[in-house]
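These are the structures in question, set out in turn.
First chain A sits with chain B, and in the next complex the same chain sits with chain C.
Moving on to the complex of A and B:
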């Protein structure tokens, strides 16, 4: 390849590189720079070194928010995967009304997030949908679903309900790409359904599942709107995950420096996830 | 080559034209309320003014849920609108940073003596450079906290509403009508919401306490004093006695509204939005609802103001003229901003307040057990103007916006935390904000 040809290739991608720099790289550097400044909204930035980081870690709010984010993310991903996988396995078999059920199960994914929040405020409130349902089943002594003890499990429930169709559709596509001959060969070798699932289906779905898990982990970890609309991070700080903590610090406490430091501290988690995704999608 | 040249010239021309238009357009933001009539009237007035003056205006309407983020981002990025109408947050923050145009001359033109004095305090902010106080905004209306009272339940319990009801009466009456789990006496929100902030602060103020006394680094020490401890202890007692519904700890701003509209609570302190909604939806409870003001203290929750950002002299002049144009039609203002909202917003002008009082005497506002304009006598604080400092501060705005008080107070109910310990924690956090903002 001649030098001129190489130069031309770089020239063609240059506009995209410039655009991406403006959209992604510059804000990232700006956030890191901001995290070392004392900066209130509308005020001047004063360099304070790592003071913001020390303050945040000292106050314990970052670790508290991190713990809540992990508590929210890990079970959410687990249950979304479990439900999505189960639904996909069922829907992979031909039966009457399959398309209708597939469509019906996909509905939660399509509902706008603010509508989901409003729906679940009604569902979880005292005497709301869940209480009525349990009352019909003979249970009258129900906890406060949005109280300090139950609010996180309630938010996980909402996230699983909204997010499992994504896993279902992804896994279903993966299942349909497995050639039928593989199953025929397994059947000839005398493998039963359980063995077929563990030895053939699951290994062949591995990459699809990993990509779904990594993508969904990024989204779930960054989940903000549904939780904020339902609880505002409360009661107290019971559902104040890292994105809510960052938002409150920036837009309600007007403290841009601290908010940037929280974001930067959370960055390695996202970087690990994104690198995993890049690695997974790069596999041949 | 000439074709290429023409193309480039055309695009440059297009950009210049766009920039030219952008420079002449007056950007007006309207933070919408839940009352369509208010938003529609403001929009119409802006359009009328633009037509009369031959000015191009860009009107953007934002629901209050996203307005705060918009205005904070605009201030931070240095790209604010020219005029904001009904903006609740941002006025103090922007004024303290020297980003707003004083509106004293507009207030004088509208007749300073016609404004309720307390209302003008809401936007009288100290200029960071000169140290002088100026009015950097004009509050759109008074938005008082009223107590919604179920008169049918009071009647059953043989209790009458006195001429000047206070907290003692309210608590006594709440206990008398308390019949849990069917009806709880007092719908006192305790979740992480603005209603909880206002209810807690109103009780603390009524007990003689305060939030911020001065802008010094110990300005919030007043919060960690006996009135606050007593108020918090009282709320805890009422909660333990189930006069306050147990689920109040998970209420958001909607929680007490809904509980009242469903008949689960007898009294609750809120804006008039509950009554407005009940009338709109034909809820029968509206007929047995009376709205009262407690004589001890009335908190104005609004601070929804009109303000003008500093830009070019031309735009600043236009922005001020627009605000004058809106408020000079005082009758239209009363009818569309106040009466159409079922008095959820009360007029800021004495001349219009007198008409409302007269109408109340004539029976036009039967939901009020007392003259609605009597609220102006007990106005003690707004969201940004805490007591006893009597001046709006961005710190008070931050305390309210971050929901610091309900966030900490909840521990008294869920972890049995000592009210004194909680009060100290809150006071320390506010002192830190004061030191950050106004220096040590």
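Moving on to the complex of A and C:
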């Protein structure tokens, strides 16, 4: 193969690769560079070494944000998987109106995140949707859902509402690729429904579920729109997960250096998740 | 396997429970959008009457509930402009990259595939500060073109990855025949593959559109003046003030969520293809 032909092959991907290098890889390095600078918005950058890192670790805001991110992500993934799996298992059996129900349950996934956030601002506010429903059911003594105690569970609720359909359709696709003979064989061997599920269905779904979980963990850990629109990280810093903390530090406190340091510290978490996703999808 | 009674009961509970769960916020959104605002002060759950007043107010009146200097159709048009431009720009390069990754054997092809997947799931908040500074440097801060550029970060990896997956599912024989007959790779793509790949490309285009249409973080960071606002940040201004006009707000939400919702429901079968396709087979 001549050198020229070798180069020609790369022309196919060249525009995309150049564009993404400029818009993702280069900014990534710039972020690392910024994290070693003292820089306010509009101000000059001064090199200060690891001072920003020491500051955000000393003041405890990074670990605090990390903890909130975990507290938000882990239960969200658990409930999305649980509800998605339950819905998929039920929808895998034929019954009348199945397509209609599948469409209905899929709707939350189709609504833009910013619209979901606004819907839930009304739902969770004082005297809002949830309070009015509970009031009609005779409960008038309700907590403030977006107050310091309830705000994280409320955010998890929104995330599960929006995200479980993704698990549902993913698992459903996985279930439908399992050949019927497998189940027939199990039935002949006298396995009951529960045994079939644990011994056959779940192991065959393993790979699909792993991919869905890793992918959804990346998205949930990086969730910005919904939390920021509903709470701006508040009340106080009660819902300040890492993405919110980064944004607030950069654009409300105007401290670019600290914000860059926070993103850089968050980066390894995402790199590990993304690498395992690349590995999982490469396994055919 | 026969469906036992217990299984049926459990199924019904799951379906009814999840359906209500999904319905809760949707019910409020749609009823508030189409009922008189006065209803909310009387703690009514069932609307007293159906009205299109809120939709009219948002679309036509200057007093739509956000900033008053610009009417609501300006952000609506901005969003349409940005999302459709981004879709076209992205497709123009993604079709080639997607096809190249699916069909052309190149050294390091695996690396490029991983790079695209990496870009697809990479969280934008990590680089938003650098991008903000970058756009200032190249004088594209507070410009819709600058916003389009940033939206490409999200849309291009998505469409390249999805198109690659789609091209992989097309049978290869006709292409091989065309190549043997002396047609170039590019010729094969443009004359043989593209005409038969219309459904896949159309659905990729539509989902690209909705990705840009829904984008909040970049728009919030780099758009500064009201006449350049897109829908997500325009609706945000309606909830910032002391008084929220819920009727108008929910009418705005319904207007902005309907296009993506209808697209998705019409093209449901394409939704999971991309990433999970490899795992499911």
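Simple rule for what comes next: the second predicted complex is superposed on the first by the 261 of 284 C-alpha atoms of A that agree within 3 Å, B and C clash if a C-alpha of one lies under 4 Å from a C-alpha of the other, contacts with A are read in each partner's own complex, and residues count from 1 in each chain.
Everything that follows uses one rule, which is that a contact is a pair of C-beta atoms (placed from the backbone, for glycine too) under 8 Å apart; a residue touches a chain by one contact, two chains touch by 3 or more.
Quantities reported herein were computed from a predicted structural model and do not represent experimental measurements.
*Asks:* Quick check on the superposition: with chain A as the shared anchor, is it clash or fit for chain B versus chain C?
*Replies:* They clash: once the shared chain is superposed, the two partners overlap in space.
*Asks:* Among the partners chain B and chain C, which is in contact with a greater number of residues of chain A?
*Replies:* It is C that touches the greater number of chain A residues.
*Asks:* Just checking: does A:146 make contact with chain B only, chain C only, both, or neither of them? Give me first, second, both or neither.
*Replies:* Touch partner of A:146: chain B, not chain C.
*Asks:* Between chain B and chain C, whom does A:69 touch in the aligned arrangement: first, second, both, or neither?
*Replies:* Neither partner.
*Asks:* Which partner does A:256 contact after superposing on A: first (chain B), second (chain C), both, neither?
*Replies:* So A:256 meets both chain B and chain C here.
*Asks:* So, A:201: does it touch chain B (first), chain C (second), both, or neither?
*Replies:* neither
*Asks:* Once the structures are superposed on A, label A:234 by its partner contacts, choosing first (chain B), second (chain C), both or neither.
*Replies:* first
*Asks:* Touch check for A:216: first (chain B), second (chain C), both, or neither?
*Replies:* neither
*Asks:* Considering only touches as defined above, state whether A:159 meets chain B (first), chain C (second), both or neither.
*Replies:* neither
*Asks:* Which partner does A:121 contact after superposing on A: first (chain B), second (chain C), both, neither?
*Replies:* In the superposition, A:121 touches chain B and chain C alike.
*Asks:* Of the two partner chains, chain B (first) and chain C (second), which one does A:248 touch, if any: first, second, both, or neither?
*Replies:* A:248: touches chain B, not chain C.
*Asks:* If both complexes are laid over each other on chain A, which piece of chain C (45-53, 135-143 or 261-269) hits chain B?
*Replies:* So the stretch of chain C that bumps into chain B is 135-143.
*Asks:* Looking at chain A, which of its residues have contacts with both chain B and chain C?
*Replies:* Residues 121, 250-251, 256, which sit in both footprints.
*Asks:* Using the touch definition from the top, list the residues of chain B that touch chain A in their complex.
*Replies:* Contacts found on chain B: 68-69, 72-73, 75-76, 93-94, 97, 99, 190-193, 245-247, 249-250, 252, 254-255, 258, 264, 394, 398, 401-403, 406-408, 410-411, 414, 433, 436-437.
*Asks:* What residues on chain A touch chain B, complex-wise?
*Replies:* Those residues of chain A that touch chain B are 38, 40-43, 121, 125-127, 144-148, 151, 230-237, 248, 250-256.
*Asks:* Where on chain C does chain A make contact in their complex?
*Replies:* Those residues of chain C that touch chain A are 1, 3-4, 7, 10-11, 14-15, 18-19, 21-22, 24-26, 28-29, 32, 43, 45, 93-94, 96-97, 99-101, 104-107, 110, 112, 114-119, 121-134, 149-150, 152-153, 156-157, 160, 210, 213-214, 216-217, 221, 231-232, 235-236, 239, 246, 249-250, 253, 256-257, 260-261, 263-265, 268, 271-272, 275-276, 278-281.
*Asks:* Would you tell me which residues of chain A are touching chain C in their complex?
*Replies:* Of all residues in chain A, those touching chain C are 6, 9-10, 12-13, 15-17, 19-20, 23-24, 26-28, 30-31, 34, 83, 86-87, 90, 93, 95, 101, 103-116, 118-123, 129-130, 132-133, 135-136, 161, 169-170, 173-174, 177, 183, 187, 193, 196, 207-208, 211-212, 215, 218-219, 221-222, 224-225, 228-229, 243, 246-247, 250-251, 256, 259-260, 263, 266-267, 270, 274, 277-278, 280-282, 284.
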